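Take a look at the structures listed below.
Two complexes come next, and they have one chain in common, chain A, joined by chain B in the first and chain C in the second.
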Partner chain A sequence: MEKNSQNNTDSSLRRISRRNVLKAAGIGGAGMLLGASGIGSFLTSTGNSMTKDETDNNFIPFYGKHQSGIITDMQDHIYFVSLEVTAESRQDLIKLFKDWTNAAAALTEGKGVGEASGKSYLPPKDTGEAAGLSPSNLTITFGVGPGLFVKDGRDRFGLQRKRPKELKDLPLFPLDSLDEKWTGGDICIQACADDLQVAFHAVRNLVRIARGKAVIHWAQTGFQRTKQADLKKETPRNLFGFKDGTVNPDLHNQKELNEQVWVQPEDGTSWLAGGSYMVVRRIQMYIEVWDRSSLRDQEATFGRLRESGAPLGQKHEFDKADYQKKDENSEPVIPMNSHMRLAHGKGQNQILRRSYSYTDGMDPDTGSLDAGLLFICFQRNPDKQFIPMQERLAKQDKLNEYTVHKGSALFACLPGTHKGGYIGETLFS
Partner chain B sequence: MQKLKMAAAILMSTSLLFGCSNSDNSTSAQKEKEKLPVKEGSEKLDEVALKYREYALSEIEAFVKETETFTSAVKTGDIEGAKETYAPARMHYERAEPIAEVFGDLDPKIDAREGDVPEKEWTGYHRIEKGLWIENTTKGYEQYAEQLMKDVNLLRAKVETVDVTPELLITGAVDLLNEVSTSKVTGEEDRYSHTDLYDFAANVQGAEKIYLLLKPSLMEKDQALSEDIQKQFNSVFGLLEQHKIGEGYKAYTELTKPEVKQLSQSIDALAEPLSQIGVVTEET
Partner chain C sequence: MEKNSQNNTDSSLRRISRRNVLKAAGIGGAGMLLGASGIGSFLTSTGNSMTKDETDNNFIPFYGKHQSGIITDMQDHIYFVSLEVTAESRQDLIKLFKDWTNAAAALTEGKGVGEASGKSYLPPKDTGEAAGLSPSNLTITFGVGPGLFVKDGRDRFGLQRKRPKELKDLPLFPLDSLDEKWTGGDICIQACADDLQVAFHAVRNLVRIARGKAVIHWAQTGFQRTKQADLKKETPRNLFGFKDGTVNPDLHNQKELNEQVWVQPEDGTSWLAGGSYMVVRRIQMYIEVWDRSSLRDQEATFGRLRESGAPLGQKHEFDKADYQKKDENSEPVIPMNSHMRLAHGKGQNQILRRSYSYTDGMDPDTGSLDAGLLFICFQRNPDKQFIPMQERLAKQDKLNEYTVHKGSALFACLPGTHKGGYIGETLFS
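So, the complex of A and B:
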C-alpha cells in the first residue's frame, strides 16, 4: 500500500494487475486459503469481477495520501449525494466514517459490502446489483460541509473550533436562483465510475449504512460522453456543444497541485492538509435558448471556437489564448465579457474543474428539458479561487444569458487514509 | 395492505390448512412444532410467538367492538359518530396486520382502497369512508356497514386458527413498516378522511410490540442492535407526538412536505436495523 500513498498521480498505478489488486486488498496467500476454505465470499466476488483481462486496469486504489476522485482522470459517470447528519453523538459519527471507509475500500475493489451471510432470514448485507461487475474505476470521495461543525448555532459534535474559516456557506452571487432542494449539506459523497450502475450501487450501499445517522438532502447524477464513444479521446463536450475542460491544472505536476488543489499544512487547518475544497453548483442550461443563438454568438460567449475548441484568434485547442489580440476594429478578439476571459482573470488563481453534464427529465415549471452542468471544482482555498472567479462571472459573463445557478454547496474533502485508518480520522482525533 | 403478503402466506399455509380442518388448534400447533428440528432457544421463541398471538387476538377483539360502534353509527345515520370512530377503530386492525392480512380473501373486503378491486366488489372501511367524507352521508351505505360487520366477525373467527410462528413475527415487524413506507407516507391509505397518521402510528405500534417481545432474546444476541432499534422507535414516536392533537392526530394534508419527508426518513432509519431482527433465530 505504501507504494500507492501518492494516490494516482502516477498513471502507471492505474495499470494495476490482478495480483496487486489482491495485495492491495490485504489478502495474501493465507487470506486466499481462508477464502477457499469457505469463509466469507471474498473469493467468489473477487473472482467474478476481476478475472477478466480487461478489468486489470480499471481499479483505482481507495487508500492513499489523498482521496481518489479529485485528481483522478474523469470517469464517465457521477452519482453525487449531499447528506444531512441526524446522528446525535460524536461516537455515532465516528462509527459512520469507519464503516464508510471499510465499505468504500471494498466497493472500489469491485467487491460487495460486508461478508455474504448466506442467512436466508436476514436481508443481504450488500444490495447485489453490482455483483460480477468490474470496479469500473470507481472512486468514492467524502467531504464535510459547514453544517457538520455548527448547525443552527449548535455545536453538535464538538467540532466547532475545528472549522476552517474558509468552510462556510458560499456567498449569494448576483443572479443566483438557488433552491433549497439542491443547496448545502453536512456531508457529501461523490461516487464516480465508468458505469452508472456501479456508481449507484456504491451510493446506495453507503446511504444504507448511514441509515439512522444521516439522510439524503439532495442527489444528482451526471455524465459525459463515454470512453467507448470517443475513440480519439478528445476533450469531452458540454451540452452547449463546446469542449469543456481544456484549461485545467496539470494533474501530473505535483508543484502545481500543491499550489492550487491540495490544502497545505501551513494553511492553518492541519487536519485538512492533503484534502481539498470542493464547490458544487447545479447550473441549469437553457438549451432551447442556446440552440437559437448564432454560431458567432456562441463562440463569442465562450471565447473559443466550437469545432476545434481553439481560443478565438488561434488554430488549435491547446494553443495559448492571446488576450491582448485586437481585431481590425481594435476590439479584443476574445470579448471582454466572454466566459473564458472572465474565468481566466489574471491567470494566477486556478481551480481544478471536474464537472459532469446532467439531465433530469422535464422542468415542470417551463416544460423545457431540465439539463445543465453539475459544476464541480476542487481548490486549496475557495476564498482565493472559486469565490472571486464566480464574482466576476456572475457580474459580467455573457454565458449568464443562457444559464442559471439552481444549487450550491461547499465541502472540505478530507485527506486520504491508509489501511487500518479511516476517512475523517484527522478531524476527529 | 389489500395485497396478500406472500411471505406470510407461504409461512402460514400449512398451519392454516391444519387450522381449518382441525377444530382443536392447540394440538395442531403442537404437531407442527414436533416436526421442526429442535433448535437452541427455539422454545423461548415459541413462547414469544404465543404471547404475540394473544396480543393480536386482543387487538382483533377490540377491532370487532369498535367496528360495531362504527357500523351502527352508519346504520343509524349518525354521520359525526361514524366519522369519530372510523380512524380509532382501524388502528386495531393496523396493529395486528401481520395476522389480520393472512386471510387473503377477507383483507380486501375489509380494507381495500378505491381501485384496488373492481368497483362492484368494493366494500369495507374505505368504501364507507368515501361516503362519509366525500358525499357527507350514510345513506345508501347501510348495506356496506352490514357487510363490513359480517366480514369482521368472520375475521375474528378465522384468526383463532392462525398458528403464529417466530418467522411470522420476524417478517411481520418489518412488513408493518413497509406498509407505512409504501402507503401511509404517501397519504394514499385514507385518501378521503386524511386520517393516515392513525394508521401510521398503529403500524409502528404493532411493530414495536413485536420488537418488545423479542427484545430479551435480541439483547442476548446483539445488544447494540437492540439499543439502536429502541432509539429509532423513540425518534419515530417523538415525531408522531408532534402531530398529535388531543387523543388523535392531525389530518395528513396538514403536514408540510418537509414534515412528510422527515417521517418517511425516520421510518427508513428504523426499518433498517429492525430488518436485522432475524438474528434471534441464529443458533448460538
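So, the complex of A and C:
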C-alpha cells in the first residue's frame, strides 16, 4: 500500500507542475504573498498558498514562510485535536516536532507516514486508511498553548522565558460555561481537508507518532459546506441558517494580513514572527430554542437578513452596514445588541475567522441534537483582537440567548518552515 | 430564502429531465429494477434508482416502490437518528408519517420544509442552513423498531398483531458491551448525502416536525471517502486500513435483491413487502491496539491482504477466496478465525452492507480517539442473515480483539410510496 501511495504522489507531483508554476509566478493569485521573502525550494515557495487547489491533485504545500491552514481557503472538514505533553525532556519534545514536521509534509502530499518496512512481523508505519486517496487539500497546522511554557509552576522544557505575554489562558467571559474536556491544551493540531477520512488519518498518525510524549486532551470534528459555497462564491450558512462572520481581512492584501493576522518581528516575540494566535471556542447552539423564535427576532439577533445575508437596512450580503441608520421609531435599524454590531465594535478589531459547524449526537442535558460552532479565529494579538470583541459580545450579544460557550483554548501557531527545518525550530533554537 | 430554494429546485427539475428520461427508459442502469411494477408518476418511477446522480443536480427521487437509501450507491455522509415515540394516539402517529413523507420528498429535491409564510413574526418553517445547496444525493429512509408495536406490554397504537416475528430486539451476542444510549429505538431515520450539512438539515427538520410526538434517543454521524473511491471504482477502506465487506449482493440482479434484500409478499408480513430489515451496530475500534499489531496479524485477522484487499492466497480484491487452500504447514491460508471466513460461513447468508466510519472525539475510557464503524446492513430476514452470521463472528472472530459492539438496533424499513401516499401507509391501513 505504501507503494501505491508513493506512485500516486509521484504522479500528483508531475501533474501539478503547471498549476504551481502559474501560482509561483503570481498569476494564480497566491504568488502575491510571496514578495521577496520566498524561502526554500521552488515547491516550498508556494507554501503560503491561500487558494485551494481544485485540480485532481488537491495539494497544498506544507512548507512555507507561514503554516498553511491559516489563510488557506477553508476545506470541507476539520479534525482538531488538543494534546497534553507528557514528555519530560526538551530533547524528546524537539524530536517530536521534527518527526511531526516530516510526517506532516508527507501527509499533505498524500503519502503515508514513514517508509514501508516490508516486514510483515512489524506493525505498518502508516495506518493505511488513506491509501490511494488524493491529498484532498490537506493542511496541518501546529500551535502551542501556555502549558508548554510553564505548567503548575514548572518550567518543564526551559521555555518559560520565551512565553509571550499574550499567550495565557483566555479570561473567563460572562456566561461562559466551560467544560475541562473541551478546554485548553499544551499543543494543538488542526487538520483540514476536503475528505474527512484524510483529515482523520493525519491526526491519527500524528497522535501515534507522539505516543509516550503526548496524549489527547480533546478532539473535535467539524464540517462546512464549503465546496458548494466555493463554486457559487457564497458564504456558507451556520446552523442557525445565517451567513455570519462574512467580514474578514482581505486575504489578498499583504499589508492587512501583516496588521491583523501575522505576528510581526517588532511584536516582541521573535520566535513567533510569521506565526499567528489561534482562538478555539466550542460554542453549542440551542437549535431547538432558536427554531421556535420568529424570523424577525432571528434577524434582529444577527443584525442581518436571513435570506440574502445583507446587513439590516441593506440589500446585498456585502453591502456596507449602516450602523447610524434609524427606523421609523428612531431605533437603530441594526439593533444595539445585535451580534454583528457588537462584533464590529468600533471597527478596529478584526479577526480572521475560520470556523466549522459541528454535530455530536444528542446532548443528554437537553435531549436535542448537540450541534454548534467550532469557532476558530486567527490574529496577530488576542489582547487587542479577540478578547475585547468577545468581552462586548459576552455582555450584550442577543445571540447569547441561543448559544453557550463550552470549550475554549488559545494557541500560538508557529511560523512555517522550509524543507530540512522543522516546525518549532525558532522556539527551541 | 424559501424563494431561493424554490428557484433552485425548479431549475434542478428542468436540468435533470434528460438524465431521468434515460434512467426511466432503463438506459441509465436504474430502470432495470422497475419491471412492470413501476408505480406513480414518471418521476416517481425512478425511485428505485441505485446509482448516484453525479450531475450538478445530485437528485435521487424519494418516491418509488422501495425507499431510497437501501440499494442506493453510498453517499459521503450519514446522519442517523433513532427516536422514541411519545405520541399517544394512532392518529398522531399517522399524521407524523404523512408530514414526514411530504417533508422528505421536498428535502430530497433540495427544497426547504413547508411553504415560506412570509410572516416575520412567525418562526421560519425551514431552518435555512441548506438554502442554496444542491440536493447532494440526499436519501431519507424510515424504519420502525419493535417498540412501536408493543412497549412495556402496551399495544400503544393497535399495531401489536402486525409485528413480524423477525422484528424483535437482537439477541445479546457474546462480547457485546451495549450501552443504552446507542441501542434500540421506536423509529429510525437514515439521512445520507454527499454534504453533511444537507443530511444534518434533513434530520433536524424531520425531528422538528416530530416535536410533541417523538424525541431523539440517539444520533450518530458517519463518513466515508466514497466520492474518491467511486471515481476509482475502489472499495473504501475502513479505519483499520482494510477493504472490508466487499462481498455484497449484486445490485443489478433483481432476483438476488428479492432473495437477499427485499421482504417478499410470501414472507408473511404483507405490509412490509418491498421493505427491508436494517441492522445498526455501533462498533468501536480500538485503533491504538490495532496500530501496535503486526501487518501479518492484521492480515490474518481480516483474511485479506491490506494493500490490494485480495483474499489471502489470491492476487486481486475480487478474486474468489479459496477457503480450502493450505499453506506449507497444512494450515488454512485463510485462518479459521479470520473475519472474512466467519462472515462468509457456508456462503448462504448474505447481507447488503452499507456501513460508515465514525469518529467522536476522545473516548474517556481509553484516552484514544473514539472511532469505529457505524455498521449498517439490510436484509430480507435477520433471523436467517445477520443473526447467524454475527453469532459465528461474536464467538470466534479474531477481529474481536480490536473491536467492541457498543450500540445495536433492528428496524423494519418500510416499503416506498408514491406521490399522494405516505411512508407507513401499508402498516396503518
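Just so we're on the same page, the second predicted complex is superposed on the first by the 366 of 429 C-alpha atoms of A that agree within 3 Å, B and C clash if a C-alpha of one lies under 4 Å from a C-alpha of the other, contacts with A are read in each partner's own complex, and residues count from 1 in each chain.
In this section, contacts are C-beta pairs under 8 Å (C-beta built on N, C-alpha and C of every residue); 3 or more make two chains touch, one makes a residue touch a chain.
Quick caveat: nothing in here was measured; it's all calculated off a predicted structure.
Student: Which partner chains sit in contact with A:Gly347 here, chain B, chain C, both or neither? Use first/second/both/neither.
Tutor: neither
Student: Just chain B (first), just chain C (second), both, or neither: which does A:Gly153 touch?
Tutor: neither
Student: Touching A:Pro123, do we find chain B (first), chain C (second), both, or neither?
Tutor: In the superposition, A:Pro123 contacts both chain B and chain C.
Student: After superposing on the shared chain, does chain C or chain B touch more chain A residues?
Tutor: C
Student: After lining up the shared chain so the two structures overlap, which partner does A:Gly241 touch, if you call chain B first and chain C second: first, second, both or neither?
Tutor: second
Student: With the two complexes superposed on chain A, say which partner A:Gly212 touches: chain B (first), chain C (second), both, or neither.
Tutor: first
Student: Kindly list the residues of chain A that each of chain B and chain C touches, one partner per complex.
Tutor: 119, 121-123, 208, 215
Student: If you look only at chain B, which of its residues touch chain A in the complex?
Tutor: It comes out as residues 167, 170, 228, 231-232, 265, 268-270, 272-273, 275-276, 278-279, 281-282.
Student: In the complex, go through chain C and note every residue touching chain A.
Tutor: My answer: residues 1, 3-4, 79, 119-124, 126-134, 136, 181, 195-198, 200, 203-204, 207-208, 215-221, 223-225, 227-228, 232, 234, 236-242, 287-288, 291-296, 298-299, 306-307, 357, 359-362, 364, 367-369, 371.
Student: Chain B touches which residues of chain A in the complex?
Tutor: Listed in rising order, the residues are 86, 119, 121-123, 208, 211-213, 215.
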